Amino acid sequence: MYDMLTALINGALGWGWPEWALNLLSYILIVTIVLVVAPLQMLFFTYYERRVIARMQDRVGPNRVGPEGIWQPIADGVKMFTKEDIVPQAADRIVHFLAPCVVVAPTVLMFAVVPWGPGMVPVDLPTGLLFFFAISSISAVGLMMAGWASNNKFSLLGAMRAVAQMVSYEIPAVLSLIAIVIIVGSLSINEIIAYQAGLIISNRDLPGVPDLGLGWFVFTPVGFVAFVAFFIAALAEGERTPFDIPEADSEIVAGYMTEYSGMKFGLFYLAQYVLNFLLCAITAIIFFGGWQGPGVGWLYAQGITPANPNGNGLFNVLAGILGVFYFLLKTYIFFFVMVWLRGAFPRLRIDQLMDFGWKFLIPWTLANLFSAALWVAFTRWGPAEGMLITVGWSPVLRWLAAFVVTLAINLGVYLWLTRVYAASQAERRRAELEELSAAA
Amino acid sequence: MEVVVQMVFGLIALFILVAAAMVVSVRNVIHSALWLIACFFGVGALYLLLEAEFLAVVQVLVYVGAVSVLILFAIMLTRQISGEGVRQLTSRWPVVLVVTVLLFATVMTPTLINQQWNVPPAPPLGTPEPIAGPAELGRGFVNEFLIQFQVVGVLLTVALIGAIVIAFEERARRRKVLTLAEELELKRLRERTTQTETPEPVEAEPVARETRPASEG
Amino acid sequence: MLQTQELQVNIGPQHPSTHGVFRMLVTVDGETVVDLKPVFGYLHRNHEQIAEANSYLQNMPYTDRLDYFNSMANNHAYAMAVERLAGIEVPERAEYIRVLMVELTRILNHASAVGFMINDMGAWQTPLAFGMREREKILDLFEMASGARLMCNYFRFGGVVRDLPPEFIPNLRELLRALPAYIDELERLLRDNEILLQRAIGIGILPPEVALSYGVSGPVLRGSGIPYDVRKAEPYSVYDRFDFDVPIGKVGDVYDRFLVRIEEMRQSKRIIEQVLEQLPDAKGGHINPKARQNVRPPVGDAYARIESPKGELGFYLVSDGSTKPYRYKVRAPSFINLTPLADMCRGYKVADIVVILGSIDIVMGEVDR
Amino acid sequence: MTASPFEIEIPRGRVIEVQRDDTRVRWGGGLLRGMAVVWKHWKESFKLNRSYSQIHGTFTIEYPEEQPRIPEAYRNMPILLYDDETGHELCTSCFQCERICPPQVIHMTQAKDPATGKPVPAVAEFIIEYDACMSCGFCAEVCPFDAIKMDHEFELSTDDHTRLTVHKEQLLRPISYYAKIAPTMWAEVRESALKKLQGNVRRRPDVIGLAPQLTEKIAARRAELAAQAVQAAQAAAAAPAAPAAAPAEGRKLTPEEKAAKLAAIRAAKTAQAGESATPAEAAPAPPSPAPAGEAAPSADKAAKLAAIRAANAAKKAAAGEAPATLPVAPADGMAGDTPADAPPAAPPADKAARLAAIRAANAAKKQQSGDGS
């Protein structure tokens, strides 16, 4: 992308600028774009969620402010700005002020590694995926600061619950992604997307497959299990419905946000929706090929790319637009699923939530890691690495064997684990009773 | 380029030092914990300067994401944070100062002596081969450092199980609050056991039951 | 090491999920509830004292305000009490219209009670929105017949104020055509939902013998497995001419009460269909012409009770011969169903309290009077 | 749980146990089924749902643009009716609605005849406190003259509280308006209401009883009265007595005038005794405050008038018409609780007799117990 930008800047401001100035200018340009896009996504998401959930409940949703209620989020924003910002008298002023910043900064920072289109990624970090989750864990610290600074017993309890939930669901989230990283072999997000070219089967696994940009991971058993586990963990991370304990806690009414009003509360709200957007984006990128889609690969190949520098710039722009379209379409579909869940399910209790995370998701994703390793073994390893069974097999046969084996393992683990998990609930109550009756 | 890198390094080092100083000198324990987190960030930035991205990201993930949250939890749950009562400077601070300078000297002088200052310039800025990339670390764990890796694994699981045991102990000690249904179930269980052991009629209801009887609601 | 002392938590009175103004002083040990003290009276309007200053007829609109979800049921109980006191007969058609209205209000009450309970569990109003849609249709029918949606004031001593308008029956038949589909859909949405099962099974168990000792009635009693229904135990009005079943639960937890309410909606639909078949024609008279509305009953007392959607609703009237009741007492089912709340919540988590309260389905207007 | 030992037999129905099957392990199927239901609602919600038998589709009514459909029996706040043609209010301030209103929000005063100071079957001041009224509809049920009905107007929110104490001017609506919003209910009571109105209108002197806002009708009535006065003046010029029609000034009958009047009545009675079987002693009302007749200054004038009137009463009694002219209205405003819904249309002959009997009984009852609600 930077070659494109440098060409653009030179053209606009005259040639002969020093190298570092060009880089600086293009970085500034990209940072502004990202900083503008993040709140816009948040505004659109609030409107999108209220309209969709209204439709699910046979009502209409906001349609008064502007045609079909389009300016409603802006009205909400203005309301947030004009609301009086009350700081509790006994609160720890500095920490109270810093908390929203520490929550919002990382969520916007996470945009740095999200690729919007082919070659359109602000920073192509080789450890992009890990960076994404490392930065997202910082907002947990911000929540603790918010809970502590409001000097109110309930917001502290709410903050502790929220942080406990986020930290304990980060593990299954990262574990399920590592399964994909094992298959791809690299942490760089661009690499993961590039891997998902092809038709139903990625052309890296089966070279002969035509590249239609549909070789998504979700069509492989490992990828599908990782997708479901990651999406559930993302729901918990973004505090969405089955797991929105901190936000609308029935006994501790508003959790850590109780003592915040005005724009500080707006910041928490912004952070939550931007985080949801990013989690949907990462789900789309890792499991549904991000900007991959029919035609994007071909268009990008014509344009100026490191591979053939003398392509014509127009194709880059076209590929970029189509790529962004696919990416946003997938992200909005996932957010629709998040809102759909919000409309259909009640909320889990805090102990059930923890129970589910630790006793079901983590073992399930660990098993998935094992099947991912098997997938790599079957598709890529030869006798050198010790795989003697598949020595003479054709790539199609190896892929099929990998598919069947991993499918069997994952399905078996799922069925067995569900029975064990359900049994353990009832068992625990009976055990306590016996233990009590023995003691009494 | 060299000067800019040195300058940035100087800035980050200064930032880490200030943060570390604040950790020990600020009154409120929570503030010192937050300064500690700032310190971790500084170290992460240093790693980035050394182009060890993986380490920098892991540093942020592990320290800032998990360890600091653990510290904050520990501080908030254990005792009331008043902040005034903490005496910052002991009366005999000169002695303390001398001891620290001596310690610092014993550590620093050998490195300063055999450091060749005129080190050759760094290799040209081509595609730097990642020193501590994830792949090398992975291979290292599995090949050379296999034993250390397993030992650390065992250590961590032991710590995990220890935490669970402590929590269970605490839960057992706290008296279990019985729900109505469990109480009645318990009564039925106890009647069945008392009937099987002592066939003669059951005497009065066992008195000391830790929860009040259901009727007096 | 980490010793958590018991702390007092105040839920309500302006809490979002207590039904009306109702406060619970909960002593909590960590996450489990040790003790719960309900505090109410915030909605006390001196209903029974006002009734003693009003004439019998003037009290009728005030009974709408008792359980403001089922004004028809309150009217029916009060009208029966006064008719028993003053010895007024009610013509056939009026009896059928009365049963029709009470069964409709039962459907509307259970549809929204289930919606509110699931809403307390955290589902963002979707089951409630579906429940409200059915409730709106029934309220439109009430508005057509009595003139108001909630405060119907439709019953008079000896019958009803006005006969059913011509477009009432066709709309009612159309509603009945859609009702089974709605109930099945509600069940499909919630019955096997794993999250709901975790939040409802084994929570807030009320064993049968404890339920009896507290004197609870209605879906709460039937949820604990006791098939007691006033319409069957002491068939008043024309209930002895309809056959319908009495659903009961096995364990007596939140899940049972939820399923009992859904089953009761189906039974109410059955009753309404039978009412429509046997409804005598208009010349039967919607009100007893000889009944004087400013009634002056002989000295004495009377107690009439009906199966209101919340439980056994009774009116006890004492007359001293004048036009004003000497004593006017309401046996409110919500008030009595609320008494075992402390026992039902003990030992469960704090987040379950609101769900258990929702499963009892109380209305503060009736509790505080 | 143990089987419930409470076997209660259920007539005409079975006891059905709710099947919980909570032991069955559900593989997440329940969650998907719930989502399927919500998806169907989302898909269907793009068309409107206005019928009773639809459970899908958007059922919100976008209020200001789309008015809700209000059934005929809908009752919000009470309104008073006045006749379009004559402009006369139907209300005769019989205080029934004030007495029945549970929150006691209706306050009214009876109109007085400016000349004689006698109460007139019309209402002077009528106030309803709209903020306390709970629209229970009792007043509309109880009103014997169908003067007060329940309106369908529900947009009554206002910021200044004093406007919620609504006076007669704002309460009055033409009968055509009420016929439009509640056609069948008005059709039932139309003819009886209008007949009662004529009866009352005839006994309303001057401009009393006209809806205050109908200025042109009031002007027309005044002009007509003035014309009568002028025409009566010429008649008076011819005859020495002051104009009978124009009620000059109200003063009490002097004793001898009363005696003369009595004589005239007794004469009329004897004249009447001949034709009708039962002596209509109801006609010679006891000389309690005379019905709203005008007081003739000279003795013979009063006697002649009384005679004419008695003849009219007899003629009417004989002709079988309802004794509309008989002073049905109770003597004075407060006391007397005529049976609320006893319809007046009984056969005239024994009707008068029963009326007298009731009046006697009331008078007797009034002395013993001062109870009045």
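In order of appearance the chains are A, B, C and D, and numbering begins at 1 in each one.
Keep in mind that, in the parts below, a residue touches a chain if its C-beta (ideal position, glycine included) is under 8 Å from a C-beta of that chain, and two chains touch if they have at least 3 such contacts.
Keep in mind the model is a prediction, meaning the values are calculated, not measured.
**Student:** Could you run down the chains that neighbour chain A and chain B together?
**Tutor:** Chains touching both chain A and chain B: C.
**Student:** Applying the document's contact definition, name the chain pair with more C-beta pairs in contact, C-D or B-C.
**Tutor:** C-D
**Student:** Comparing centres built from CA atoms, which chain ends up most distant from chain D?
**Tutor:** Of all the other chains, the one whose centre lies farthest from chain D is B.
**Student:** Just curious, how far off is chain D from chain C if you go by their C-alpha centres, in Å?
**Tutor:** A distance of 37 Å separates the two centres.
**Student:** Rounded to the nearest whole Å, what is the centre-to-centre distance of chain B and chain C, using the mean of the C-alpha atoms as each centre?
**Tutor:** 55
**Student:** From the C-alpha centre of chain B to that of chain D, how far is it in Å?
**Tutor:** Chain centroid spacing, chain B to chain D, equals 84 Å.
**Student:** State, to the nearest whole Å, the distance from the C-alpha centre of chain A to the C-alpha centre of chain D.
**Tutor:** Taking the mean C-alpha position of each chain, the two centres sit 72 Å apart.
**Student:** So which stretches of chain B touch two or more other chains?
**Tutor:** If we look for residues of chain B contacting two or more partner chains, we find 178, 182.
**Student:** Could you say which residues in chain D touch two or more other chains, in rising order?
**Tutor:** Expected reply: 28, 31, 34, 37-38, 41, 49, 59.
**Student:** Name the residues of chain C that each touch 2 or more other chains.
**Tutor:** Residues 126, 130, 133, 189, 193, 195-196, 202, 207, 251 of chain C each touch two or more of the other chains.
**Student:** Can you name every chain pair that touches?
**Tutor:** Chain pairs that touch: A-B, A-C, A-D, B-C, C-D.
**Student:** Considering the complex alone, what residue numbers of chain D touch chain A?
**Tutor:** 25, 27-28, 31, 34-35, 37-39, 41-42, 45-46, 49, 56-60, 62
**Student:** Quick one: in the complex, what on chain B touches chain C?
**Tutor:** It comes out as residues 77, 166, 170, 174, 177-182, 184, 211, 214-215, 217.
**Student:** In their shared complex, at which residues does chain B touch chain A?
**Tutor:** Going through chain B, the ones touching chain A are 28, 30-31, 34, 37, 53-54, 57-58, 60-61, 64-66, 68-69, 72-73, 76, 130, 133-134, 176, 178, 182, 185-186, 189-190, 193, 206, 209.
**Student:** If we count contacts the way the header does, which residues on chain D are in touch with chain C in the complex?
**Tutor:** Touch residues, chain D against chain C: 1, 4, 6, 8, 10-18, 20, 22, 26, 28-31, 33-34, 36-38, 41, 49, 51-55, 59, 70-75, 100, 102, 134-138, 141-142, 150, 340, 373.
**Student:** Note which residues of chain C are touching chain D in the complex, please.
**Tutor:** 54-55, 57-62, 126, 130, 133-134, 136-137, 140, 143-148, 151, 153, 161-162, 165, 171, 174-175, 177-178, 181-182, 185, 188-197, 201, 207-208, 212, 224-229, 232-233, 235, 240, 242-252, 255-256, 259-260, 263, 293-294, 323
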